[in-house]
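Shown below is the structure under consideration.
Chain naming follows the written order as A, B, C and D, and within any one chain the residues start at number 1.
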Amino acid sequence: MLKRTKINASVSPKGSLETLSQREVQQLRETGSGSVYRLFRQCALAILNTGSHSDNAKTILEAYPDFEVKIHQQDRGIRLELINAPADAFVDGEMIASTREMLFSALRDIVYTQSELENKRIDLDSSEGITDYVFHLLRNAQTLRSGVEPKMVVCWGGHSISTEEYKYTKKVGHELGLRGLDICTGCGPGVMKGPMKGATISHAKQRNLKGRYLGLTEPGIIAAEAPNPIVNELVILPDIEKRLEAFVRVGHGIIIFPGGAGTAEEFLYLLGILTHPDNQDLPFPVILTGPKSAGPYLQQLHDFIGATLGEAAQQRYRMIVNDPAEVAREMAVGIKTVRQFRRERNDAFHFNWLLKIDESFQHPFEPTHEAMASLNLTREQPLHHLAANLRRAFSGIVAGNVKENGIRLIEEHGPYEIRGETTIMHPLDRLLQSFVEQHRMKLPGGSAYEPCYRVVD
Amino acid sequence: MLKRTKINASVSPKGSLETLSQREVQQLRETGSGSVYRLFRQCALAILNTGSHSDNAKTILEAYPDFEVKIHQQDRGIRLELINAPADAFVDGEMIASTREMLFSALRDIVYTQSELENKRIDLDSSEGITDYVFHLLRNAQTLRSGVEPKMVVCWGGHSISTEEYKYTKKVGHELGLRGLDICTGCGPGVMKGPMKGATISHAKQRNLKGRYLGLTEPGIIAAEAPNPIVNELVILPDIEKRLEAFVRVGHGIIIFPGGAGTAEEFLYLLGILTHPDNQDLPFPVILTGPKSAGPYLQQLHDFIGATLGEAAQQRYRMIVNDPAEVAREMAVGIKTVRQFRRERNDAFHFNWLLKIDESFQHPFEPTHEAMASLNLTREQPLHHLAANLRRAFSGIVAGNVKENGIRLIEEHGPYEIRGETTIMHPLDRLLQSFVEQHRMKLPGGSAYEPCYRVVD
Amino acid sequence: MLKRTKINASVSPKGSLETLSQREVQQLRETGSGSVYRLFRQCALAILNTGSHSDNAKTILEAYPDFEVKIHQQDRGIRLELINAPADAFVDGEMIASTREMLFSALRDIVYTQSELENKRIDLDSSEGITDYVFHLLRNAQTLRSGVEPKMVVCWGGHSISTEEYKYTKKVGHELGLRGLDICTGCGPGVMKGPMKGATISHAKQRNLKGRYLGLTEPGIIAAEAPNPIVNELVILPDIEKRLEAFVRVGHGIIIFPGGAGTAEEFLYLLGILTHPDNQDLPFPVILTGPKSAGPYLQQLHDFIGATLGEAAQQRYRMIVNDPAEVAREMAVGIKTVRQFRRERNDAFHFNWLLKIDESFQHPFEPTHEAMASLNLTREQPLHHLAANLRRAFSGIVAGNVKENGIRLIEEHGPYEIRGETTIMHPLDRLLQSFVEQHRMKLPGGSAYEPCYRVVD
Amino acid sequence: MLKRTKINASVSPKGSLETLSQREVQQLRETGSGSVYRLFRQCALAILNTGSHSDNAKTILEAYPDFEVKIHQQDRGIRLELINAPADAFVDGEMIASTREMLFSALRDIVYTQSELENKRIDLDSSEGITDYVFHLLRNAQTLRSGVEPKMVVCWGGHSISTEEYKYTKKVGHELGLRGLDICTGCGPGVMKGPMKGATISHAKQRNLKGRYLGLTEPGIIAAEAPNPIVNELVILPDIEKRLEAFVRVGHGIIIFPGGAGTAEEFLYLLGILTHPDNQDLPFPVILTGPKSAGPYLQQLHDFIGATLGEAAQQRYRMIVNDPAEVAREMAVGIKTVRQFRRERNDAFHFNWLLKIDESFQHPFEPTHEAMASLNLTREQPLHHLAANLRRAFSGIVAGNVKENGIRLIEEHGPYEIRGETTIMHPLDRLLQSFVEQHRMKLPGGSAYEPCYRVVD
């Protein structure tokens, strides 16, 4: 356990929760002592830890065992009291503005989710209900802005990548920013930071003061991947599946950079949706890219998609090696098509209503050992169901690697077992093996990677 | 019935309702054909009629019998189709921006109220529940702004006043605006317009581009008192009592100008609250004012308060005759005290949480002939109960004068009967009589006033 | 002499002159004691007197004989000390923001003019040099804004008009503002105020916060026609001819309302320029308009133009009686043509470089008795020379009516004599006579008009 | 010579020169073909080359021998036509916004200087005249903003520094930005870029959208040190001495990072001024800092100051090794003192009028071989004269190293000879020697450094 400097402080809302009724303040205070307290404390700690490089949930939580956050009622609204908080979040005793914003964003989203659930306003049993819920959560976070032209590019990829790969993501972000495009990521380090950093500089060069750096996260991930400080809009979705849906509903195009199991999960999710027959005519630019050194990795991922989901899936994206400007140009062109399509169909620019997401991609997957073991990874099912199950397999591996619950499960029961057809398990095993060899499963500066899974043929 | 120019048009949201979910659009569309349709149509017609001088609900409604408003679903949001709409709301075929804003404000408030009621989120049985509801409605209308210094002056008074009185309200508004104060009124003509008009000019003189002209109305009144076009924030509260509560919660001070039964209702409401023991130490500047010619009227009202509620009530306001600058100076000083008080008590600047409103002032009063006849207008009750009942008496008279329902009731059953103690009924009768004599009950350009009540000793 | 409330105060720059070098502060201070002091004192007094209705220069100056304005040097910049200033310019001891802006606008323009003259940077001997000077003065006042669409409507007409005419100008201004058009006037009362007041309300209705109310004046006129407080940009040109050139270079269209000799001067100036052969193809919308009651007046002016300058001149404007909406529509259409024309010719939107102004309209006319008597008012000259001389005749009459110098000359030498051909002098005499009969020469509340001229056949 | 991609393009003004008179456009066009053309072409080329790493003027100029820039007249203003321009300045054929701004900033400053000189408005013979000229040039560039709190930190240091030193400057910039401070540098690479880059990120973290990145350069330097693209205000002063004066007049504090001869020149200039008796009580925070690895370098520079100018000079700055947060805290405290001092003395926040600059620091030094050889580097003169002459010695060396003229002189006549007292020449020789050893004189990727001077005892 590291020794860290700690500080006590008291902060008022900025950006969210500034106008509350007395009843809402009361509810918030009860939250502070109730069941969601642990969740909020964990998110708060991650946010205050912004900029730290550890991505192991347990490490961060253990570094500040006596951290506390109290919600105080004031007639005028609320005030947070922080005890034993990470000192890095403060400058000369005052909390950094972006950290303050994110802290209250977390409170806002957790409270909203909680309150909607309690009031039973959400219908989580239907596909439409889930989509509606994602929409309302994003709108409540003021992420949906009417009348803004399509320009949100989602960047997916690993939090732990090589220096060369990181520099490449900055270059791509720089080229995107030069073309007036905004960036949305999972809001942690690595690929989640590089494109934002690059775009910050190029937005400045283009005198664009309104650049958006949207971070979408979820409670299980935020502690492992503390938001990077460039993020100027933070939304905490309640789980992995809502977060993935948020990405594909607000993004106008997606770039896949090198990464590990999490990136593979995202990529499979996306391809599973785009190969759905209903989405056949829907334009959605997707680019798989990386620096020259990542060439073999990209090819391997591409081959894995070919081997499991086939050529139809491969045709929904373009692979570009080592050419940031070309990536940005291609994305800009693709987004123009999206704009045209939505205009013709009268669809909103800020939310992709027309995208069909099968329910199998919407329901949360709880990666117990039993659930992992019983995933159907055979070809005896429609293509998008196979994609959904492959997605779940990777989701479980991510949990076993970095999420608090997953790590504990593995500590208790040993690695997950994943079973299926040879023609699927073989490529899967190879891909995972190469992730290990390329240190894509490893934490920076951490010890050797101990797989949390076993592929069983 | 007048002959009027009509127009068909289609408008998209501005200022409200720009980002809707598909389900919300669906609900709105159902609204368009459901039970609240009549209410929305009526408000819409009043708003489109902005600037017209008729204040008889029936007159306006009858002038546009074939007016229709349809809500259309678009993937992108909603669109209103207007059929046979008043042509004055348009310039060269395009709807005036403020009218468009108000139209969607009305839709926003009516839909919000309806949806909250349907979802049973509101507790209208407790005093706290009602206050909370008023708060949420105002917040949903973006009327509550955190961090803004107290400067909202409520102006109450008649919609139908003499030219001299109207000019006087403009002068007072001008002096208020010179001192950086904002204006809130019932948003119709007369006293509801004059101070806003005066402040528009003085805000311009002081290069103040952020002047607020807040109009608070309710469905039964809006048709009779179509919003004046200076209003740049319009909120439609569901009934008289919520509207009155909104006034005293968002206003930092109140000015009473000459008026008729409606003004008396408002004044009694205010004094009934301020004389409540819990509000004894709460600063709340109230000024009763008018031009020289209104001197006798002001004195009479002052005497009526003295005769019925006594000296304690008289001490909660100051009477200033014919001195606009002094009115504004006094109000500015009073609001400074309010600011200091709220700062000390940590109360919000944007909502007066600390003001105690007795439940007797919060529950709607339905002015049936029976209810009017059974009002307890004796001294055998606490002072604020007497004030509450006197307030109800005037509320009934207003309804009988200008509201659709009230007018119909009177047409059917003849005038209301009002009974009580001589020491109360006598001053009341005199006051009402003088209102009639001074044409404060009369509609402009209308026929002689036919009282809708009989005072019975 | 009136008795007036006076105040002493000290004000810092706002809007102009905020960043000065030490040398500039020094120059300003010397100004304060030097030859231009009298000029600045007079303008300052007029500005502080904003809203007053007297339009006799002598009256205002005599009302505040002990008014003084001192320029103090501070390391940080300058500060004005006002002694015995009109109290109306202040609210609770603080100067009204717009007054403060105008005060420093006056200082800015007077100092700029003075400094340019001293440094001999201006070439007042050539037509190009004069135009260049007008351009630089306007640019220094930040009046010229690149990239703004054409929408500046100049309104000319009398400062002393009937209530009906005044209301009509407000209505026209209201209709112009509804169509997004800005207003430029001579910045005094009457026609110089009405359209601005109307547009203030309609700009508010259209939620247009950037409405411009540009006032162009000159030292000899400002004292007589103190700027109305709606003006949010004030420029003081050094003389009548520069001011007239500023009007036609920055305005995209011009409306002529009823007025007296000053209005006739402006109208003749405009027609003299527009009938120049070089301007034949240049679009420039001009509308002559007034309420129904002004119909005969408009017809008379129209006839006078026909009788003296002929049909060619009449074709450069359109006469519209009693139809504010039609005036605004026509102007909006005309300005669209201007926009198209400038785009095609690559001419600036903010300054009408392509308009040819003959030197005879640019050089100042000093209305001595001799100059007035020797004006060539015959047909033995090109049309635009005749127009120029007629313009001068009216210019002299204006001076004799309201300007300090002119009034003194008339007091000393009696009325001017004006001579010329019968076919010109006859209509001129009739027009002037009707001005007198219609009280267009009279000061409000003043004594009977004593003509300052004699028309000699 | 490198092979580079070239492009032809046509651009319109942005940020400057948008509203020009026809005469000004004419003058500009003549400039395009006149004597200042070569100067503008050179600056334009450097700006278009922004981001390039070469800092040898000849290299850049030779890389684009056929680059041309033509000024075209349009009625609406001007347009620049670029022929064979560096392609890197464009994104998909459109010039990057910041580059466009800088291009017109250069034109603005060169034209202003030229025009002021031609019109003989400047008095370059007196100290006050020179200061006044610097003030006007900065004001014309809209760099002086009244009412803004003091927060401009000047960062001086080398363009060619080690990676560790560069990272350190970024960290210091980051800490300055966290505290709301702005950055001003010589606007090239290395120390001129690092602090701006760091502050860009921390300004974003603090949600500060108004961060200023002010670059002050001069024609002889801009080609060698092309402005880095973060600069959002660029001013080209006419020569070294005006540029140095601009730094100390607009900066509220100065940080000296490691660098070579140029940095030494700047440091000597600053200390020469601060040790002037008139500036004894004037607060001016100066910090000498660098990373741990630069410790010996800093000590050496500190010792050199001690050996030549003595302890008094050493007391005007503080040396901080390897502590970015402490540097920023110290600077923030120092600037608070400056703020307090200026407030008390009524001095402007935007221009340090009270700082006394001796004329010996204001007049340009032309580093001919003769001038260099005859510099008085003895102790037989007042301290600030010695500082002035030492400054000149370094100025000459900079010219010989990177400026076009200097390089040509050295090519023709061989190295400069510098003579003086042993107690001065000895430390000087050692310092220069160590600069060479530490590669502080070397161009990145260039060949071994060939000294352009010889120190003669």
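Keep this in mind: a contact is a pair of C-beta atoms (placed from the backbone, for glycine too) under 8 Å apart; a residue touches a chain by one contact, two chains touch by 3 or more.
Only a predicted model underlies this, so the values are computations on that prediction, with no experimental measurement involved.
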Check: Within the chain touch network, how many edges lie on the shortest path between chain B and chain D?
Finding: 2
Next item on the list: Work out which chains are contact partners of both chain B and chain C.
Entry: none
Item checked: Averaged-CA centre spacing for the pair chain C and chain A, given as whole angstrom -> 64
Checklist line | Mean-CA-position distance for chain D and chain A (Å) | finding: 44
Item checked: Centre-to-centre distance between chain D and chain C (centres being mean Cα positions), rounded to whole Å -> 49
Margin query: Give me the residue numbers in chain B that touch at least two other chains, ranges are fine.
Written below: none
Notebook entry, point to check: Pairwise, which chains touch?
Noted result: A-B, A-D, B-C, C-D
Margin query: For a test of understanding, state which residues of chain D touch chain C in their complex under the given definition.
Written below: 18-19, 21-23, 74-77, 119, 121, 128, 132, 135-136, 139, 144-147, 345-348, 350, 353-354
Next item on the list: Report the residues of chain C in contact with chain B in the complex, numbered from low to high.
Entry: 91-92, 96-99, 101, 178-179, 197, 200-201, 204-209, 229-230, 232, 329, 332
